[in-house]
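Shared between the two complexes below is subunit A, which pairs with subunit B and subunit C, respectively.
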Partner chain A sequence: MPGNNPGMLTSADCLEADSIIFDLEDAVSLKEKDAARILVREALSFLPLQGVEVTVRVNPLDSPYWKEDLESIIPAEPDGIVIPKASVESVQTMVKEIKRLEEAHQTEKKTKLLLIIESAMGLIDLRNIIESSDRIDAILLGAEDLSSDMGIKRTKESKEIEYARYLVATAARAYRIDALDTPFTDIDDVEGLEADTRFAKSIGFTGRLAINPRQIVTIHEVFSPTQEEIEEAQIILHEAEEAEKKGLGVFSYKGKMVDLPVIKRAEQIVDSARKWGLVR
Partner chain B sequence: MEIRKQAIAGTLQSNDCQVRIVPGEGGIDLSIESSVMETFGKQIENTIRETLVRLGVEDCRILVEDRGALDYTIRARVETAVRRAYE
Partner chain C sequence: MRNSIGREGLDRPYEGPFKNVKTHAFVSPKKDLARKPVFSDNLDEVLDKLDLHDGMTVSFHHHMRNGDHVLPMVMEKLHKRGIKNMTVAATSIFPCHSCLVPMFEDETVTKVLASYISGPVGVAISKGKLKEICHMTTHGGRPRSMIEGEVNVDVAFIAAPAVDANGSLTGSEGPASCGVLGYAHADAETAKKVVAITDYTSKTVNRPEISGHLVDYVVKVDSIGDPKGIVSGTTQITKDPVGLKIARDAAKLIEHSGLLNNGMSFQTGAGGISLAVANELKKIMKEKKITGSFASGGITDYLVNLLKEGYFEKLYDVQCFNLDAVESIKVNENHIKMSAHTYANINNPDNIVNKLDVVILGASEIDLDFNVNVTTGSDGIILGGSGGHADTAAGAKLAIIVSKLVNSRISCLVDEVTTVTTPGETVDVLVTERGIAINPKHKELIDKLKEETNLKIMEIHELKKIADFYTGIPEKREKSDQIVAVSEYRDGTILDAIYKV
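== the complex of A and B ==
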């Protein structure tokens, strides 16, 4: 959400997104950087912004703006800071500054980090980047900048970013953090968004960036578990409890073997359903 | 904060306001243009004056053209204009 647009900032918690990014980077022109960071700071302090996680994308470490961004934003206590062009250096440097500001302003929140992986180096150094701070909550794939860094053409079929998608989703799962897929840029193609998001979910992404409010419903529909999946997961968990009482480590359900990985998957589906408000 | 030169902040788009500030000739000379002047004029004025006090501005001429901005937007645009005028 462009950080210098008060009309958009004001509507942030009406969009039914789980998380909102107020942007101080690409969506703000160079001569309005000062105006945007003051506006976002005031918005964070003034707007109720209930029921939605609010994060702020600051400018990258190689820009002259990131420090002033953090100085302005951290005292207003956003839920998280989104770091573009993430690297070990950018995470460590910004965390140091965030901690300094949190202490100086005695903030109550411990600011989370969401990292955008959008360079070839960021991709191959993913493990070190994720291990560089215990505040990292999610990694986000930024396929447009990644394609630019790779010198390759970005296509709607997205074959060229498959490796990056698998890598980001797998690394996030390995560290038990969220993996958010790159935005689908054709905002008029709802069917394309749905198909592409289903693929993202199938390889382990847990959410997706939306670049237009119209995309939110489709993304939610894809990522929330179906009623059939929830019911099956609940039955598996019930059967697992019964099996445990009988001292059985493995049992069968609908002719298929159910062991620990299947039970864990069922637990994830029920947890996800709870998160989406589909079960209590 | 001293107003050293003319500065502008904000836009004339809906939900925003544009603030123009110039060095004053003693005290605060405030003008507001708003379609909701009758209902919210006093509140807008209070927000502008409070922001100027917070920033230590005692001497300026300031014109605010309001397009339905909420308080936080008015505060932000006044602060941006003041900081730009101080640079």
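== the complex of A and C ==
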């Protein structure tokens, strides 16, 4: 959400998002950069913002603003910094500055990084980028800027970004970090959002950027476990408990062997369901 | 005198929501059923025949809402005739009725009775321009007061979109079709003289609702109003994500209240969040295959669609809020016209509000005792009124207030509301974006919701603390000691005084 909009910042923790990005970059015009920086810093310091991860998107390395952004924001201890146009260089340079500021201000939090992959070079260098810092928590696909970098037309069908999507989802999985899909830009097309998000989930994305808060519910519905999945996970956990009492390491459910990875997956499903109030 | 909710300076103090119920069925006056009105196309000639006198009470309805031409047309003529000290008993007053303001100053009009007042008239009354105390009634309280003879109307001027050859009136035909004339029935039944003012007559009309034998004169004029003006300001589902969250939580609360079963009855206002609750409830009803018995009140296109799609079996409509509702009531026999007496008169044992399971209402202020104000702004100026707020809150099993806790740096949750419109003992739940407060008398519901849902249930004091954190505590406004209006409960007792600003 735009960092220079006080009303939006105040209601950030009412929107049921897992994570919020206060933006200092593209949503803020050049003449509002200072105002946004100050407002976001104050919001982070003053507002309780409970039950939601709060991150700040700073301006990119090739802009004159990123340093002042970090100087202003890091002392207010956001959960994470979102780096646009991520590259090995931008991650390393910004991490260095972040560490300096954390030490100078003796902050308690170790700031996480969320990287937006939005250039052709960013895509093919993905592995090096992810390995460039141990603070990276998620990679986010930015398909609008990517299409522009590629010189291709962005369409609703999104065939043109399929390769990028598979790549981002797979790389994130390989490094056990989150992969967040590019926003669905037609905010009034709820069915389109749902179908497109189902696809994202099916290829391994663990979440999605919402360009409007009204999209959050649909995205959650897709990523939340279904009632069937929850029930099955609950049965598996129950059976696992019984098996453990009997001293069995593995057991069978519906004719299939249940071992530790399956039990872990069931635990994840029940945890997620609990978080969304689908089970108590 | 202090009333049962601690408000002072009042005659006939409020004692409790059901302390003054005098169950009686309404008996229509024994007028000759074959009686027919006199038809005329000259309003002045008809006025000449009436016993117009100083101190008389004239009544109007507000079905044309902000497009009404009839009240200004009639009042200007009475003003020119030099009649003084009149009481205007209008069901509601809108900005289009600003002609009344100069009539307060020269004492043409010295008293106003209405269930809702917005615009310049509300400002003028708040500033003490009206000689006598204005009575802000409820939609159900108004017909009660007329039927019981507390308010005696000398002449009822009824804007009638169409009139048939027998003088029967309907709202659902004609160029200024407004759907239904629910608020005008008591006027037609009880006024000494009844003048219907129309711009359309025909041998027969669509679904006549006020019988011609009750009408004395039918006057045809060029135009009784602009139907575009009947479109209420807020008849769209909110797009505000915070409002939508409130709506989702309210719908979830209803789902777990034990009331969401086949045959459920439901009412919602036309506000953006209230309509969003209906939308969320529809999703749950679809999933659970639940069909409601009826939805009621002021009807919007949204409720019309719920009827068409089979989510409710019937609509009981006292006023149409937009033109789709007007179209529907012409043709759909399950979209039923009702009078305000049928809708909400506390002394009518068969009133619709008593059959309601759930009502969704708004609030401009709500206090720690759950008292709600929709009558005055926090600056003390009259900007609304109960309408059916207090009636439905008392009647429904579950009265839910939906409101943003903090809106434009102002908190809806205050220590004490500026004006009590609806007593807190009839309000069950407040749903906001930062938490839900439930009237402590509903301990079982509180336990059930805590057990079954992850809704943020908290005490209203806790919620107030959260609101205060965001807004700070506003300075108390100084009250003057001149009473300009009173908030009258549905039984005729006085809930609160409204002071000059």
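Quick note on the criterion: the second predicted complex is superposed on the first by the 232 of 280 C-alpha atoms of A that agree within 3 Å, B and C clash if a C-alpha of one lies under 4 Å from a C-alpha of the other, contacts with A are read in each partner's own complex, and residues count from 1 in each chain.
Here is the rule we use: a contact is a pair of C-beta atoms (placed from the backbone, for glycine too) under 8 Å apart; a residue touches a chain by one contact, two chains touch by 3 or more.
Worth saying up front: this structure is predicted, and the values here are computed from it rather than measured.
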Who does A:E131 touch here: subunit B (first), subunit C (second), both, or neither? neither
According to the stated criteria, A:A35 is in contact with first (subunit B), second (subunit C), both, or neither; which is it? first
Figure out whether A:D271 sits in contact with subunit B (first) or subunit C (second), or with both, or with neither. neither
Could you say whether A:T10 touches subunit B, subunit C, both of them, or neither, answering first, second, both or neither? both
Classify the contacts of A:S45 with the two partner chains as first (subunit B alone), second (subunit C alone), both, or neither. first
Between subunit B and subunit C, whom does A:P213 touch in the aligned arrangement: first, second, both, or neither? second
Of the partners subunit B and subunit C, which touch A:D186 in the superposed model: first, second, both, neither? neither
Just to be sure I follow: which residues of subunit A are touched by subunit B in one complex and then by subunit C in the other one? 7, 10
Touching subunit A in the complex, subunit C uses residues 239, 241-242, 244-245, 248, 406, 408, 433-434, 451-455, 469-470
In the complex with subunit A, residue positions of subunit B that touch it: 9-10, 13-16, 69-73, 75-77, 79-80, 83-84
Quick one: which bits of subunit A touch subunit B in the complex? Just the residue numbers, please. 5-7, 10, 34-35, 38-39, 41-43, 45-47
Going by the contact rule at the top, pick out the subunit A residues touching subunit C in the complex. 7, 10-11, 14-16, 48, 212-214, 216-217, 276-277, 280
